[in-house]
Amino acid sequence: MHRFISKAVVIISAAALIFTSLAGCAKKPAAADNYAVVGITQEPGIFDPHTVVAAGDEEIIFNIYEGLYKFDSEGNLNPCLATDVEISDDASVYTFTIRKGVKFHDGSDLDPADVVYSIKRAAGLLDGQGGVALVSELDPVSEVKDLSDGRVQVTLESGNSELLSYFTTGIIPEGYDNCQAAPMGTGPFKFDSYNPGQSVILVRNENYWQKGLPYLDKVTFKVCADMDAGLTELSSGSIDIFPYLTTDRAAQLDSSRYNILSNGSNMVQIFALNNKVEPLNDVRVREAINYAINRDDIISVTMDGAGVKLTTAMSPALGGYYDTSLDGTFDQDLEKAKALMAEAGYENGFDITCTVTSSYLIHVNTAVELASELKAIGINMEIKQVDWATWLDTVYTGRQYETTVIALTSTYAPYDVLERYRSTSDGNFINYSNAKVDELMEKIPMTADSEERTALYHQVLGILTEDACSAYIQDPATITAVSTRLEGYHVYPMYVQDMSTVKLAQN
Amino acid sequence: MQSKAGYLIGKTVELILTLLVVSLLVFAAFSIIPGDTARVMLGPDASESQVELLRAEMGLDKPLATRYLTWLASLITFDPGKSYAYNVSVGELIAQRLPVTIGMSVIAMIMVIIISYPLAVLSARKPGRLGDQVCSVIGHVLFAIPPYVASLLLILLAGSIFSLLTVGNYVRPSDDFAGYIACLLLPSFAVALPKIAMSFKFLRSSIIEQKTADYVRTSKSHGLSDLKILIRHVLPNSNVSSITIISIILSDILGGSLIVEQVFNLPGLGRLLLSAISRRDFPLLSGIVFYLAFVTVLLYFISDIASSLADPRIRLK
Amino acid sequence: MPRHIHIVKVHHLTLSFPTRKDPNPKPVLDDVDFGIRDGEILGLIGNSGSGKTMTSLAIAGLLPESARITSGSIKFAGNDLLEMAPKERRAMLGRDIGMIFQEPSTALDPLMTCGKQLDEVLTAHKDKAGTPEERHKAIVEMLGTVGFTNAEEICGRYPHQLSGGQRQRVLIAGAALLKPRLLICDEPTSSLDTVTTVSILALLKDLCHKLHMTILFISHDLSAVRGFCDRVMVMKDGKIIDRDTASDILTNPRNSYTAELLTNSRLDTRILGLEPATVDYSRSPVLTAKDITAGYGRSLFERVKNKKQTDTNVLHNVSLEVFPNEILGLIGGSGSGKTTLIRSLLGLLPHSGTVNIKSSSIGAIFQDPVSCLNPAHTIRWHMSEALKASGRQLSSEPGSRAERRSRELARITAVLEECGLGAGYLSRRPNELSGGQRQRVAIAMCLIQEPALIIADEPFSSLDASSSAELLKLMTDINRERHTAFLLITHNIHIVRQIAPRLIVLHNGEICEEGPTREVLGNPKSESTARLLEAERSLHGL
Amino acid sequence: MASAKRNKTYRSPEASAFYTAGLILLGIVVIAFIISLFWTPFAPDATDASSKLLAPCLRHPFGTDNFGRDVLSRVMSASKYTIFISIAGVAIALILGTAAGIPAGYYGGLADRGIMLLNNSIMCFPGILLALVAVAVFGASVTNVIWALGLVFAPTFARVCRVGTMEIKELDYITHARVMGVRPGRIMTLHIFPNLIPQLLPATVIGLANMTLFESGMSYLGLGVQPPDASFGKMLADAQAYIRVAPWLIIFPALMLVFYILGLYFISEGLRVSLSKGGK
């Protein structure tokens, strides 16, 4: 027997040597490289265009589903499956003209019935849905009608001039209810497979209505544990596109192999303070926190300076809607912060927990920097890291937390940004409640005049700042590394990865 | 012959008992979770009816003993339920990830053997010489470097020196077998390094010990050459004592690869495990834990059988 | 090859182990000069470290690598061994020079059958190899020569399936297989019992005649060479200090060292003036054991497999009585069940039958002086532990803690004193004591418990002669003065003859003879007693 | 055996070399730890955006990290967790292991089989797995890490104790004690345990080293010491991204970690050498 074992060892060793030498010689097949691999740091979970919540899922299904309207990389809202829309004067009836010649991934044609089904499903108007809207913003929709002339009429309970951006929600075939397992839309890519924890693979939609698009045969969204794991893969060449990098990490990449694209992200990174828990329910404490932190330092540490400082709930990227008069409100002032703490009865500070998701290094790092800065006014902040799912459950939905750091994404619409500060909003995870804000937010959709609306927005922002409802930190730049192998990638000011325009570099 | 069968039966009974205790341990670990498992899994936002539903689905409303037996039965049929987070059968998920972890472990083990064995034989030829001492010191240092630290250093080296070995680029064995091996080489090496040191140290001292054994003196007095004594007596005897250590090393490698996968971003059991941990996916977690332990128990069982085959003192008692 | 008078001639051999620190150490062999005559059996006697093993290894060419021969030469059949190439020398091993060693239990590769290992001797020497069938025939034949009747079967066995004596025979067969002219035997019998020793010596002598072999026989025991060797050399500190014919040396040692070795080989009790107590056999015995049957259990699996078969018993219905003041001798060969009996009597082993002890405690002392004391603790700890365990602790007595402690100390010192150990030993640890001193502490630990009976299990077997003698004297003194009874287990018939009025002979787990010592030894009725006596006589000449 | 007289001050040169090397390496870490209890150059978690990712210089001998935190201070304070967790964990493992191993070895039979079955079953979980799961179930905190590692390591000690006890209990002095009527509990604690120390000592030291390996691995995975507290594993995990631009972030924690583990290995090796030589 021992002889047998010795022999076996020899044979195995020899075999191993052969394998290793083979592996050494093997060259990757050069052909068929018309693909791209995109790194993502969240486990994808939901592929249903109407129930999707996480931004990480939306950036994938952006390529599968299309809505009646669609954003472009500039943040403009363009007609997509609709060619045109007519909005009634009181903004309560939207009439869409449906594009012709569009095919679903299974080859069937898009017709108005599909649109009616999809919008009804999103708005919760189908039988058996009990009127609960899957896309809560579409809740005001009261009726969807096929006008039989290639147009679809959507009627709202009350006028709302800000609703067009929500008609970007995906259109699916009539009666189709298997979006989770087999996503089916009209987008430039078809769903191929999902390997949990590993990847989502999309393949080219040959029947895409925009002629010539897409360029790539295959797009893989590959799950990386975190940014650093993604960076490792990026430098080894197994990932082509990796968004949401920090500048210092991007700087490490070989510039001959990667183009670094940077863009304002229209995100609002917030140091969220749960307005319902002690001692954060005291506005003076919230103010003190706002005065204690140094936003420039945080931006420097987390984004290597590539971020725009925020003092309020809206990114300056939204142009006129942003109130420039608020700039500089909460510049660091430790004396003032300490005074406010003392006034609130916390001259010796207090202990607090910051629940932050480990999926995003930028937020963890922000929390670490915040903890260090808050020490100066006696606040001892403990950092508790949780995974994304837990964060969503306990912090965002459950609101069981004291503080957290997260970036709020939104469509390119000011209403979407501020909607969450309504006391009844699902997105109001900071438990902010101010009757005046509620009232103003009610009023805005009814207001047709855009200047008047802007003034109302400014008013809301002013109140939010006055209440110091949370500490706003920055609009972090979206930094994306794209392999020089590819071109045509556009960074969107929102959380999407548009792969339709990406193609192999010409050389 | 009868006692050989007896030995086998005894070992098999031991194997089954151990597996039972292992399963009990795993089950207990997930049954004493503070609070309501279903509630913990669903999060605070879930409605009471949702929790009830999951509780019923997971069988949490049944008595502990029933739950254990059901779970045990599902383990035996290799179908331990559905992952809560992925909504896919646990068995399927594990099967998907197995090639990475098993591949890494096998490659690492081969590396351990082909590197440490010849070195140990050479070192043990002249113990105390410079070469031997250099090997021993390097061995100690390697032993003290955690696999993930070794991985970091290797990544740094690999990125700049061996452009052949790509980091984190996992190739499925069905797509390109050579590529599959190639992508696992570096992580396997990181896992193997401290074990190479361990096995070198053990083999070396075992060979030295055997070389001073009385039977070697007898063989010398019979006029056998040193080489023949080494091959026919010393190595087989030291192999017998090495079988146990090899099974321990294999189990360590399995554990080590769980971490190293994370560093190299390979889609193996380790990452599945960590994601199951972070998402509190208990069906998946208990499945992974049990099957990993199962593999180890099996390894020890095989090593026991192997040493009984190799050693007549155990075989023919 | 021409015949020489001396088959081996060692000329002024000096050997040392130089190290980097000490390039010129004291030589291990210092100007050793002797010859081995063709056909003789030459005994080489000396204590460990005397250089006798190095001498034999030098002849065989198996010296450790660090050894350096600084001067001298070794000639074998006229050829200078030290001038030969290593390969040539190796070829001589097995073919011209055979060797057997001390420890037969480890001298065979446990993974290889005996037949295969013997086969290696043949295949290692290509000129003598022949076909497998021829080789097998030669091996079986040689196994027959060394006394195996089942030679074919032995070929297929692994070493662990053989007894010590059998293994030594296999080793002898291996050494003699190619009929070498010189057979070096390095203490081949020191780990064997007396009966086996006698048979192995007889075999060697037989081979010497049959195969015309010359034997170099190395031993530390001068008496073992009696009647076996033709000539004897005595070695001390790397020098040969005495050489003559065997009978001359044994009867008429010419220097003090040889004389000392000679006394060590026998235990001369006559000069000690041992006076055991007189025994009154009408008194009721301190220990009565009836129908003791004991053995070692089988594994759970074996029991499940075969329910009917009873446990393998080592003892069968042994009954014995020990009377007050008595020293009862218990002798028996190895495997006779002595140890099992004692463990049963001490209640350490499950057994059937009854053991009745008319005393609160019995004391026990064991064979091995190394492990008889706990190395982690001082002698004082040992004594007070024994005192505590006996229940005779003084804690219930009046007085403060310090007073009790001092009284306890006084008692401990007194008992140690009685056993010949002064108060200076109190704080010592076992590894600072000699074997004899440790056995004394063990006895003292018994005494402090004031037992009526002490069971002594081969207490002398690992001690040198003077320590044994002193211990023996201590035991008889205790017996006489304290009226403590002893059950003395030993294989040394000589001691039993001197101090034990009554004797039990154990054989195969049964008492085969019992009665007054003089009668039993003077007129052995059972074959096993006779054999024990015979082996004793042939080895020690008593 | 007269040679058993052991000269206590004698050490083989091999053992001395191991001791010296081990104590120097370990000393570096332990001194850093002791100083950190009273003083660190900077507060270990004080960030300073203006001085981030500085290469080693006079002000920051080990450089600074991406938050501008002083790496020397962080390394010093990280040694605290490493040392504390390894000692506390080994203490738990040692207590559990001896409490299970000695009776198992002493009594044998069914009790032994039961204990060893449990023992072997725990050992069947590959290395770090059990600790990870325990922490996963009960949450990541220093206390949980200590308990988990203590539990994982206990079987090793139980094994050493059991085997040692089985050997020792056959020795005459234990038989003697039994004959004298010493109670089993006393035999196990006072007669057997002191004689297990020569075997337990190297096992304990190597246990400290292995526990550190595990702890740093868990911290690396984010399941050990939680930020902003410093631990070697977490520091290395964070430093992975800066492997090229700021290698000092990897080098210093890795060196300290390896020093500690290697120092312990060397000492255990020295103990093994001197105890095995002294015992024979």
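In order of appearance the chains are A, B, C and D, and numbering begins at 1 in each one.
To be clear about the criterion, a contact is a pair of C-beta atoms (placed from the backbone, for glycine too) under 8 Å apart; a residue touches a chain by one contact, two chains touch by 3 or more.
Just so you know, these numbers come straight off a predicted model, no measurement behind them.
Remark: among chain pairs B-C and A-B, A-B carries the greater number of C-beta contacts. Using the average of C-alpha coordinates as each chain's centre, C ends up farthest from subunit A. Subunit B and subunit C, compared by their mean Cα positions, are separated by 48 Å. Look at where the CA atoms of subunit A average out and do the same for subunit B: the two points lie 40 Å apart. Here the CA centre of subunit B is 22 Å from the CA centre of subunit D.
Subunit A and subunit C have Cα centroids lying 86 Å from one another.
For subunit B, the set of residues that touch two or more other chains comprises 155, 236, 240, 262-263, 274, 280, 310. Counting partners per residue, subunit C has 111 as the residues that reach two or more other chains.
The multi-chain contact residues of subunit D, meaning those touching 2 or more other chains, are 240, 244. By the definition of touch given earlier, these chain pairs are in contact: A-B, A-D, B-C, B-D, C-D. Taken in their complex, subunit A has these residues touching subunit B: 1-3, 5-6, 9, 12-13, 15-17, 19-20, 22-26, 28-29, 43, 195-198, 223-225, 229-230, 232-233, 235-238, 358, 386-387, 389-390, 393-394, 397-398, 400. By the touch criterion given at the top, residues 227-228, 231-232, 248-249, 251-252, 294, 296-298, 300-301, 358, 364-365, 368-369, 371-373, 375, 383-385 of subunit A touch subunit D in their complex.
The touching residues of subunit C, counted against subunit B in their complex, run 60, 62, 90-95, 97-99, 101, 103, 106-112, 117, 120-121, 124-125, 158, 160-161, 171, 174-175, 299, 301-302, 305.
Those residues of subunit D whose C-beta lies close enough to touch subunit C in the complex are 1-2, 4-6, 171-182, 190-191, 194-195, 197. Contacts from subunit B toward subunit C in the complex involve residues 6, 9-10, 213-215, 217-225, 228, 232-233, 236-237, 240, 310-313, 316.
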